[in-house]
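Chain IDs A, B, C, D and E follow the sequence of writing; residue 1 opens each chain.
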Amino acid sequence: MINLLPPNLPYFICITLLLIGLYTMIIKKSLIKKIMGLNIFSTSVFLFLISMAYRRGGAPPIKAEGVELYVNPLPHALVLTGIVVALALTSFALILVINIYKEHKTLDSEKLTKL
Amino acid sequence: MNPVVIRTVTRILVPFIQLFGFYIIVHGPVSPGGGFQGGVVVGASMILLALAYGAHEAESKVSHHVRIAMDSLGSLAYAGIGLLGIAAGGLFLQYNIIPLPLPPARVNGIMIFLIGVAIGVHIMALVLSLFLHTTEETEKDD
Amino acid sequence: MNKLNHLLVVIVLLAIGVMMSIAVLEMPEFADPDAPIHRHVAPRYMAMSYQETGVPNMVTAILADYRGYDTLGELTVIFAGGVAVLSILGGKRKK
Amino acid sequence: MNISQHFPILVIITLFTGAYLAPLAGLWKRKLCYPLAVLSALLSFLFSVVILLSVLEHGIIRYHVGGWEPPWGIELLVDPLSAFMALIVSFIGLLAVVYSKDYIAGEIPDKKLPAYYSLLQLIIGGMLGALMTGDLFNLFVMTEIFSISAYALVSIAQKKGSLIASYNYLILASVGTTFILFSTGFIYMVTGSLNMVDISQRLSALESPWVMYNGLILLVIGFAIKSALFPLHTWLPDAHSIAPSPVSVLLSALVIKVGAYSIIRSVFTVFGPGLLEQSGVVTIPVTWMASLGILLGSIYAITQTDIKRMLAYSSVAHIGYILLGIGLASTASMTGGIFHILNHALGKACLFFCAGAVLHKTGIRNVEEYTGLAGKMPITMIAFTLAAISLVGIPPTSGFMSKFYLAIGAYQESWIFLAVILLGSLLSAVFYFRVINLIYFGEPEHKSGVREQGAEIGGVVHRQPTTDNRREAPLTMLIPIIILALGSTLFGILVHIPLSVVEPAVKLLLGM
Amino acid sequence: MIEHVLPVPPAALFIVGALLIPLLKGQLRKIFLLFIPIVAFVNLLYLPQGTYWTYHFVGFDLIFGRVDSTSLPFGYIFVIMAFLGALYAIHVKESSEHIAAFILVGASLGAVFAGDYLSLYLFLAIMTVSSAFLVFSRRRKSATDAGFRYLIFHFFGGSLLLAGIILYYISTGNLYFGLLEGNELYLYLILIGFLVKAAVPPFHTWLTDAYPEGTATGSVFLSAFTTKTGVYLLVRAFPGTEILIWLGAIMAVYGVVYAVIENDGRKLLAYSIISQVGYMVAAAGLGTQMAINGAIAHALCHILYKALLFMGPGAVLQVTGREKLTELGGLFKAMPVTFWLFMVGGVSISGVPFFNGFVSKTMIIASAGLQGEAVVYVLLLLASVGTFLHTCLKLPYYMFFATDRGIKAEEPPRNMLMSMGLTAFLCLFIGIYPAILYNILPYPVDFVPYTTEKVVEKIALLSFTLLGFWLLKDKIAGQPTISLDTDWFYRKAGPAFMWFCRNPASVFASWKDLAYAKICFAFILLFRHNSPELLLTAEKRVIQSRERRQLASRQPAPLDSLTIGFSIFMFTFIVALFLLLLVFGKLVP
């Protein structure tokens, strides 16, 4: 196991980030922090996609003379899309939170529970 | 707080930021970048303007109506380019069949460029909208 | 949230982590040039995208041409986000 | 070149274009938004009718967007199942748009109308996109489109608590979509492809299945969150009950079905007939969760007083039926499950429309105030009865037939599932007949004293139906209700029509 | 001309007719209500024997017309009963009651002529709903509750039946409804489904619960159709099943025992239905040709005289608004015609010679004797004595004589009397000319009812009973209480179930759903326990909560609390569960 760990370390980091994101969303009471947790969570996925695209000795995926080995461009495109989706989600969630705060004057999910 | 420094720096920086943003949009096909990235940069320049001069400044430069129009038209332009493929007898979003007096690969390049611009227009308006609407009423409370 | 719940959450999350790690151990090695993702679909983009689309930036080529439909969807997502924000705030900014 | 070959993409693009146009039209004339939305929904409905017919005639449609062949470009894959679902979605979507005109006028301020219609078209278009696509990542994108529109539509009326409901929905469903993206990464990692058909071919040649299983599990759970499978349903009751009624219809009748459809796709198409044996890893737990959902969803529904909340909980139970049928993965159970998608869509849409009509005309949400509404809104209430009877599963309505197939399939697996289905019907009879009883035989509260006395004396009291207090909803609301009620009754008699689509779809999915 | 129009499916005639009722008003509707049964009767006369109206329905064969000598007699009597019931109820202005009644008739006819399980289930389900609606039509809290229990009970029976049908379909591959033999599981499920319809104890509580709660006119319909359809189903599917003999015999006595101590007039009659159906069930269990003949003949006769018996207290209820025997008495002066007509029913049910009960009941008892079932023979005989005691003596005595409570009363409306008269005439007619009944039975009848021996035996028995009653009449007076029956189970089960819904089951729901405790009141009433105190407090609470609700009802329902953290924990837990299953499913093959 020790031998196997270093090569796939980025993936382990992604999974760790994923767990951190989930943990934040479960434990933290502030609505904003839940959104942060969501963002960590989705970032871990982007990181996962991007790190799988890397290829030892690969050049950036822009066509250049004499270069044959590029990193995989497809996950990059996917991650771009994913980031934009996360942006839309986050912005909407934040606006909801702003309005929730205006309405209830609190962002603590425990307190909102008792409404 | 004295906003003079911020305002001056902003006034100087904004044109350059915007220029850089347009550069990113336009050079999407050949270098890292593209419509999304450039659009965000241009939008961010407007946000900077709003931060330094207040939301009204940004509002007066790009009003609500204009932003909505840019949003819709950007998206419509993308869908329209896609429909051009059908109109030309190909498939949806098929560029190389669009009848331009150029080799097919060049047509693709032009369409990719146009799409980048459409996305850029859409995103720059949207980013500004998001910012302005988010801050809208909190500002009033201050 | 009391300590017990806290512990429970951590245990469950760690369980997921451990079990996903089993999958990670079976994954193709990181940065392996011969991983399946580098062998199946991607080679065509690297070899042909410039000839087929006339654009040297492969990411842009994929984004706007090969998977242009995805990008249309993406644009629609962000459009939906914008409209969603408008719908919460009720349109016009008051002067 | 034949234009009809482009219908799979046009059915989506029409709605998206309509959605893009709505804010623009709102700048010019707000009244224009409604006809535009109706027009685009109508067009896409007509397109999907043509698609269904041509799929039945010529087999699977594959549309290569942008002209790129599948593993490189995105492919639209329309098989009988997706065409069937697309027809349901676009039809009920059209009805919801039509219904919105008068209903929404009282619910949201005028200046939000463009945003409302735009989101309405986006949610329908997103669902159609998710149904038609043959690409895993595109499925994720389309799922996000309809999800974001759904979150926004939940909170659009700015009722008390709607923001919190929307926030809950957003966060929980986003966890689901992120799971989906994560599993897309897993699957892409081991296959190098995003095309569903391509993936299924390459997966069956795979030697080490752990990554694949992880991907499958995350994919199914992600979509199970979207479809509100039982313990993952916590976002549903709030979101579905607080949303404006046309939106409730879309959410309850369609959105969760699209989630169920995506589970079907991921289990049977992505993991393919070749791996059907192994996919028991997910289908077996899914059947147990669905069984729990049938029972507990109905039990929760019994304890509700708010009609829309009751209907929302009943949706939890019904998604249980659908996923039970899918999870059992036999011919009969799959037929029942997929057929139940249609029946529940028709029935639940009708019920939510009726609840909306009542809410619109009288402001009543509480079940116990439904007393004597049959006199005031007879047509609506008859429709409500028919749809409720269909959902309880009493012959000759369509709900019975799907439950019959489901029950046959369930018994082939285990008697427990049969018992669950029958008990679930019994429980749903409790809460639906409670409402029906109140509608027809309950008395308005202020009269109850008089009535009691009269009943004691005469045994029968002659009641003159007063015609002046008849307050049916406007036609735009009444027509969808009537159509759906008729549909959920007639399809019980004309079962062969939906089955002629469902059966080939099931055969295809099970690889027969 | 008529030959070209007729025959049409009898069920369709009534159901379509029922749907047309709301379109008609006034005199036209009255004519229409009587016209439909007449047309249906003519239609039935033209109905040829055989199997037809088959409809290929997605791989199943639905048979809507299996007309043979077993189903035809039931068809005749159902249509006749529909006419009598419609005449009896013709003054009722509310169309909902007529619609429910006609749909009930139509569905019963459909069930009787159904030749496959799917269409049978269809019609039984429609019967259940329409009967429940007839009970609901009383528009009284207790009626609503009873109707609900009726509905749930029958859906429960229907579920078992459906399970049986599915098992049958899976093991045989068809849905043909016919004789069932063997030792399969589906057999028992279907049997229980049918027993619920026939109200065989312990599945009988719905009957005594719901029938007294029907409207005056509705109960007449209710009494005729459901149980007799159940008898038909048993005769059709389970003739000669050993257990039915004992169930039937016990049922006959059981019903009598409860009827004797019952206070509510119509509830007494409901128990007496159980007792009478017991004869038929026992006869179905005997399964000889003569017994089957007896079962069917008794079903036919029973429909007539039981309708007549329900019409009597129904008329009293119509006129006085009272049902309890302890609240009635001395009505004879005001309602002599009603009394005499009622008595025709009373003597019929008791099996007095020259009334129709005699010609059918003796047939069953005799066939039990011929089979050598001595115990059954005695039990049935005993039940017949008890029937005479409670229906023919106790009920009329306390209703029309006994203490005069000075109730203001008059004869009921003319149509009620006409209907009663017609029914009484039919009772007498069949009693005197039994051949007309025997001719339509499925097997040739070589049974002669009027032998000196049988008549003398019967008269002797009845005379002694009469004597006994006269001596003990004050001892068996009804008490204003509710006798405890097996229905305690679900009266208790209801609140227990609701407790379960609210407490353990709601753990996974949302926290705020727990605050919905007030809903329990609706269900305490729904599955009401018969304790007056509990009822009172519940009633009070409902009123209080109603006031509160009226303030809050225009608001959307209270939200679920923010359960994000918990929900996400649930998601992750499910993921972990799946992964665990995967790991252990893999490691341990």
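The definition used in the following text is that a residue touches a chain if its C-beta (ideal position, glycine included) is under 8 Å from a C-beta of that chain, and two chains touch if they have at least 3 such contacts.
What you see is a predicted model; the values in this text were computed from it and never measured.
Chains that count as touching both subunit B and subunit E, per the definition above, are A, C, D.
Among the other chains, E has the CA centre that is most remote from the centre of subunit A. Remark: the per-chain Cα centre closest to the mean position of all protein Cα atoms belongs to D. The interface with the greater count of contacting C-beta pairs, when C-D is set against A-D, is C-D.
Centroids built from CA atoms put subunit E at 39 Å from subunit D. Centroids built from CA atoms put subunit B at 24 Å from subunit A. If you average the CA atoms of subunit A and of subunit E, the two centres end up 65 Å from each other.
Counting only residues that touch two or more partner chains, subunit E has 559, 562-565, 568-569, 572, 575, 579, 582.
The set of subunit B residues touching two or more other chains comprises 30-32, 34, 68, 71, 75, 79, 82, 92-93, 95, 130, 133-134, 137. Each of the following residues of subunit D touches two or more other chains: 16, 20, 23, 65-66, 137, 141, 144, 148, 151-152, 155, 161, 163-164, 171, 175, 188-189, 194, 213-214.
Listed by label, the pairs of touching chains are A-B, A-C, A-D, A-E, B-C, B-D, C-D, C-E, D-E.
Against subunit D, in their complex, subunit E makes its touches with residues 57-58, 92-94, 96-97, 118, 121-122, 125-126, 129, 132-133, 136-141, 144, 147-148, 151-152, 155-156, 159-160, 162-163, 166-167, 169-170, 215-217, 314, 317-318, 321, 498, 500-502, 505-506, 508-510, 513, 516, 518-519, 522-523, 526, 546, 549, 553-560, 562-564, 566-568, 570-571, 574-575, 577-579, 581-582, 585.
The residues of subunit B lying in touch with subunit A in their complex are 30-32, 34, 36, 130, 133-134, 137-138. Only residues 1, 3, 6, 9-10, 13, 16-17, 20-21, 23-24, 26-27, 63-67 of subunit D touch subunit B when the two sit together in their complex.
Within the complex formed with subunit D, the residues of subunit A that make contact are 18, 22, 25, 31, 34-35, 38, 41-42, 45, 48-49, 52, 74-75, 78, 81-82, 85, 88-89, 92-93, 96-97, 99-100, 103, 112, 115. Interface of subunit D with subunit C (complex): residues 16, 19-20, 23, 65-66, 68, 71-74, 109, 111-112, 114-116, 118-119, 122, 125-126, 129, 135, 137-138, 141-142, 144-145, 148-149, 151-153, 155-156, 158, 163, 186, 188-194, 202, 208, 210-211, 213-214.
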